[in-house]
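Two complexes are shown next, each including chain A; its partner changes from chain B in the first to chain C in the second.
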Partner chain A sequence: MTRTDLAIIGAGPAGMSAASTAREAGLSVLLIDEQPEPGGQIWRAIERNASTRPEALAFLGPDYADGAARADRFRASGANYWPSSMVWHLDCPEEGDKTLLVAWDGVTRQVQARTVLIATGAMERPVPVPGWTLPGVMTIGAAQTVLKSSGLYPEAPLVLAGSGPLLLLFAAQCHAAGIPVAAVLDTTPSGAMLRGLPYLPKALFGWRSLLKGRRLMRVLAQSGIPVYRQVEGLEALGAERVEHVRFRSGGKAVKLEATTLLLHEGVVPNPQLTRLIGCEHRWDRAQRCFHPVLSDRGETSVPGVFVAGDGGGIGGAIAAENAGRIAALEIAEDFGAVNRPSGDIEIVKARDNRRAQMAVRPLLDAMYPPPAWIGKLDGDVPVCRCEEVSARAVRGAAADGAPGPNQAKAFLRAGMGPCQGRMCGLTVTEILADAHGKEPDAIGYYRIRPPIKPVTVGELAALDGAD
Partner chain B sequence: MARSSDVIVVGGGLVGAAVAYGLAREGASVTILDEGDVAFRASRGNFGLVWVQGKGDGLPDYADWTRRSKDLYQGFADGMLEHNGCDIELKQEGGLSLCLGEDDYSETEASIHRMHNQPGVGENDRRMIGADDVREMVPIIGPEVSGASYSPHDGHVNPLYLLRSLHAAAQQLGARYVSGAKTLSIAKDGDGFRTETEAGIFRSGKLVIAAGIANKWLAPMVGLDIPVRPDRGHILITERMQPVLPTLLVNARQTADGTINFGNSHEEAGYDTSINPAKLAEIAGSIVRYFPILKNVRVVRTWSALRVMAPDGFPIYRESETAPGAFSISCHSGVTLAAAHALDLAPSILNGGFNDRFAAFSPERFHVSPAA
Partner chain C sequence: MFRRLPDPRARPVHFTFEGEALTAHSGDSVAAALLGAGIGHSRTTPKSGTARAPYCMMGVCFECLIEIDGVPNRQGCLVEVRDGMAVRRQQGAPGLPEDLAGEGGQ
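The block that comes next holds the complex of A and B.
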């Protein structure tokens, strides 16, 4: 069994920054991460790319390259670091330490932590368009992950579809890397600029992000990649795998050849750990997802458990780093490891930095509203991929009296597969909310059960900690 | 405004839904009052066995009642299909309880002899079989398996489909299902009952309390003392696999979907439904001993749920003597007994003579003073 003052889950911007800050204050820190090296999703494989594939740094862009210095600082911090390790259970009794169960190399390691920081970031919003389960259809994030970690890129003809900054960024990265993109299907409803206008003044505090956005739009415009705007009714078609995409754009029906279709409709907090421990969550109407309810300190409704980074609300890497720093300083103050006045000054600075980063969010939310059609889904389209449950079946469960996703899960098996509901949780809640004419807050979300990702029978049986 | 029906069933789990379905079959107007989406819900956490062997050690009536439910099951499943129910994946092809090592084998054998010696235990088909015969039935067992007890009467269902089917069939027969209606108080009201819930007030002629653990605090409102307690069990579910468990085991069953469920653990943990890692490790450790080949299979889900346990482990059924027309129904075998609850117990609620019929399951058995 391992004991620590602070256990951090996730080695992305928030986790690394919190680890470095907490170490400076003298806390014992254990950082646990699923990847073999630090960086999270945004800086995935940064150390390997920085040392062996400089050309990748060029086309992945300067924001990606920035990760190398962050990883160096974290490595030098003296934090205990478990890479390639998966936290599959977190237990937070009312009194005493939290317990983390971690699968690593065929065994389960037990950790007792005085405090826990969840820095597990965001995941892509599942986009259940007809045909989304066909081979060849993936998310942009998944394709980007492969591009970062192995330099492999998807088969042509490649079609990108969706809305928001990552769509633009990935199109620009593909272009810079010489990866041919057959078409970009922009699903953003018309009037994005108009919707954004009221939020522009405040967003100017985040002018750096705005400039980045402008630059990406220009790169896309100059790339010669055909862009279809106001895309609606997107479908992936094919027998064994995706062969075509069909959609409407500007009132016209279009059908294109596609061997790969990459979807992206924004990112949402990864809810698995905060749901597992029963934190309070609230529905965010603008972003159409649940957020864990956090105090100014970054603490959840479960005392001693903090969330920093995109897992608490989407803000990007720099906001996440500052949130990680805030949480670490607050925890250090609780332990009396830093003196309050100087700690408070650092907290104020980090809060201001974070606020500047978050300033642009309302503008982005208004310009790129998350898809409203998901809650209206019906018919054969599979909602739960693991158990092949259709939108129609979810509506049927509602009609049979299922008040929320847990009874629907019992009726349909939706959410019971290996992904533990990650791919259908939001969709099922939205459909039930629509069917019952209620707000998602009143409908709720799946109770998440351990393991939050699959572990083997052998790993479960080999539990350490009887020491 | 209070809405009224012939019978209110408090509890929408397997016991309540089975009784409600049975009442609705008899033509009664029924209202099921259930809690919201999140509750203790043993009915969503159980294992799905329709299990006969070993039950009734100490109470022959329970052995008979279990066997009766088992015998009714196929007709019960077919009956629900006629009323908008779904296929509950019923299979009654016999089951095994594996033994590890010689001591385990001789203890199981002794329990069979003990039950044979109790008059009226109608369970004579249970028998011991050796490791080689077990291997014929379950080829993946490991070298530590020393044998098993076998009964041809054991079977299983998909418990979630059973719950869904009961709800659908009861509603098709006119039962009304109200969720978010946690019961707050029950009172006599003229010649009927008035039930106050989080979703309003409901009136009925008769009242059935089938609320699992909550019978402990609801039944006293009609003058009954039901000393049930939570008994925590853990279940592990694997990823889907090719069929590797052709025979049902008391602690492992492969579902129609291909997942394997492991369970059969017991623990005193109060009302805590969190996971005990040591218990999971114990179950996983025993899986590796029973079936070494499954060591690298992935577990996709685990949970714990609370069995509704009487001090002696047997059902408690009783009509109130101070408030006739109010019934308390508790047991931990909501799946196994569902057929008997629907087709036999429910009609007795309407037809009278309930306490005579189920005298063996009266809570009076816990109140016998040592001097008596």
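The block that comes next holds the complex of A and C.
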């Protein structure tokens, strides 16, 4: 068994920053992460690229390269670091320490932590268009991940489809790396600038992000990549794998060849751990996803469990780092490890930095609204990929009296496959909300139970008592 | 289906997929190694037996579930490929007798 003052889950911007900060205050810190290397998704493979592939830093851009210094700081912090390790249970009794069960290399290690910081970040919103289960259809983030970690890129013709900053960034990265993009299918509804305008004054606090966004739009415009606007009715077609994409753009039907189709409709908090501990969540209408309810300190409704970074609401890497710092300082103050005046000054600074980053979110939410069609889905399109449950079946369950996702799950097995609802949870909530004419808050979400990742019987049996 | 940017400093890693010898780069996940080697699909679904390939590459979609060195249900995107690894396609629900796997199951 391992004991620690602070257990952090996730080695992205929030987790690394919190670990470094808490160590500086003298706390014992254990950081647990699924990946073999620190950096999270945004700074994936940053250490390897910084040391052996400088050309990758050039096309991935300066914001990616910035991750190297963050990883260095984390490595030097003296935090205990368990890479390639999976938290499959987090138990938070009312009194005393929290218990984490962590699968690593075929055994389960037990951790007793006085406090826990969940920094598991975001995932891309699942985009259940017809054909999305065909091999060759992936998320933009998936392709970006293999580009960062392995220098792999999809063969031509490559089609990107969706909306939002990551689509623009990835198109720019492909262009800079010399990777041909056959077409960008922009699903953003018309009038993005007009919708964003009311939010522009406040967003100017985050002027750096705005300039970056403008630069990315310009790169795409000058790249020569054909861009189809106001794309609707997107479908992936093919027998064994994707061969074509079909869609409407400006009222015209278009069909293009595609070897790979990459989808992106924004990112949403990865809900698994906050749902597992049963903390309070609230539906965010602008972002069409649930957020855990957090105090100013970053604490959930479960005392002693904090969330920092995109897992608590989307804000990007710099906002996440500052949220990690805020949570770590608050925890250190609770422990009496930093004296209040100096700790509070640091917290105020981190809050200001975070606020400047979050200032652009309402503008982005207005310009790139999450897809409204997901809640309207019907027909054969698979909603739950694991158990192959269609949108029509989910509507049928609603008609048969399923008031929420847990009843739909019992009726249909949706959410009972290996991904445990990660891929269908939001869609099922949205369809049921639409079918019942209720708000998603009233419909709720899947109850998440341990183990939150599949573990082998061996990993269950080999629970270490002493470590 | 995927190509690789030139990387003269990469170290080759030798593994097998369905018994066939393949080469990856050090630092690849198993799922990335298969994409790089042109493997079109890495599993079939338990329900209908249709072919699937990785969707998210970050540990949330479970489409990359695969058998590694005899252990099924590994998330291929979270396991680093190693020399000598024996990787197999995951067909349907592993470890379930055929009569329990349901219609169309394998």
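Here is the rule we go by: the second predicted complex is superposed on the first by the 465 of 467 C-alpha atoms of A that agree within 3 Å, B and C clash if a C-alpha of one lies under 4 Å from a C-alpha of the other, contacts with A are read in each partner's own complex, and residues count from 1 in each chain.
The rule is short, and it goes like this: contacts are C-beta pairs under 8 Å (C-beta built on N, C-alpha and C of every residue); 3 or more make two chains touch, one makes a residue touch a chain.
For clarity, every value in this text was computed on a predicted model and none was experimentally measured.
J.: Taking the superposition on A as described, I'd like to know which of chain B and chain C A:E439 touches: first, second, both or neither.
T.: neither
J.: So, A:R447: does it touch chain B (first), chain C (second), both, or neither?
T.: first
J.: After lining up the shared chain so the two structures overlap, which partner does A:D378 touch, if you call chain B first and chain C second: first, second, both or neither?
T.: A:D378 contacts neither chain B nor chain C.
J.: Once chain A of both complexes is superposed, is A:P418 in touch with chain B (first), chain C (second), both, or neither?
T.: both
J.: Is A:E257 in contact with chain B, with chain C, with both, or with neither (first, second, both, neither)?
T.: In the superposition, A:E257 contacts neither chain B nor chain C.
J.: For A:H89, is the partner it touches chain B (first), chain C (second), both, or none of the two (neither)?
T.: Touch status of A:H89: first partner only.
J.: For A:G404 in the superposed arrangement: first (chain B), second (chain C), both or neither?
T.: A:G404 contacts chain B only, not chain C.
J.: Determine, under the contact definition given at the top, whether A:D352 touches first (chain B), second (chain C), both, or neither.
T.: So A:D352 meets neither chain B nor chain C here.
J.: In the superposed model, which partner reaches more residues of chain A, chain B or chain C?
T.: Per-residue touch count on chain A favours C.
J.: Go through the superposed model and pick first if A:T456 touches only chain B, second if only chain C, both, or neither.
T.: both
J.: Counting contacts the way the document defines them, which residues of chain A are shared by the two interfaces, the one with chain B and the one with chain C?
T.: Shared contact residues on chain A: 387, 417-418, 454, 456.
J.: Can you name the residues of chain C that touch chain A in the complex?
T.: So the residues of chain C touching chain A come out as 1-5, 7, 9-10, 25, 27-29, 32-33, 35-36, 40-41, 45, 47-48, 50-63, 65, 71, 73, 75, 77-78, 80.
J.: Chain A touches which residues of chain B in the complex?
T.: Touching chain A from chain B are residues 36-38, 43-44, 160, 163-164, 167-168, 171, 177, 179-180, 236-239, 257, 274-275, 277-278, 280-281, 283-285, 287-288, 294-303.
J.: Where on chain A does chain B make contact in their complex?
T.: Where chain A meets chain B, its residues are 89, 91, 93, 99, 101, 108, 110, 387, 400-407, 410-411, 413, 416-418, 420, 443-444, 447, 449-451, 454-458, 460-463.
J.: So in the complex, which bits of chain A are touching chain C?
T.: Touching chain C: residues 34-36, 41, 45, 48, 52-53, 55-56, 84, 86, 123-124, 132-133, 135-139, 141-143, 145-146, 149-155, 177, 240-241, 259-260, 270, 385-388, 417-419, 422-423, 453-454, 456 of chain A.
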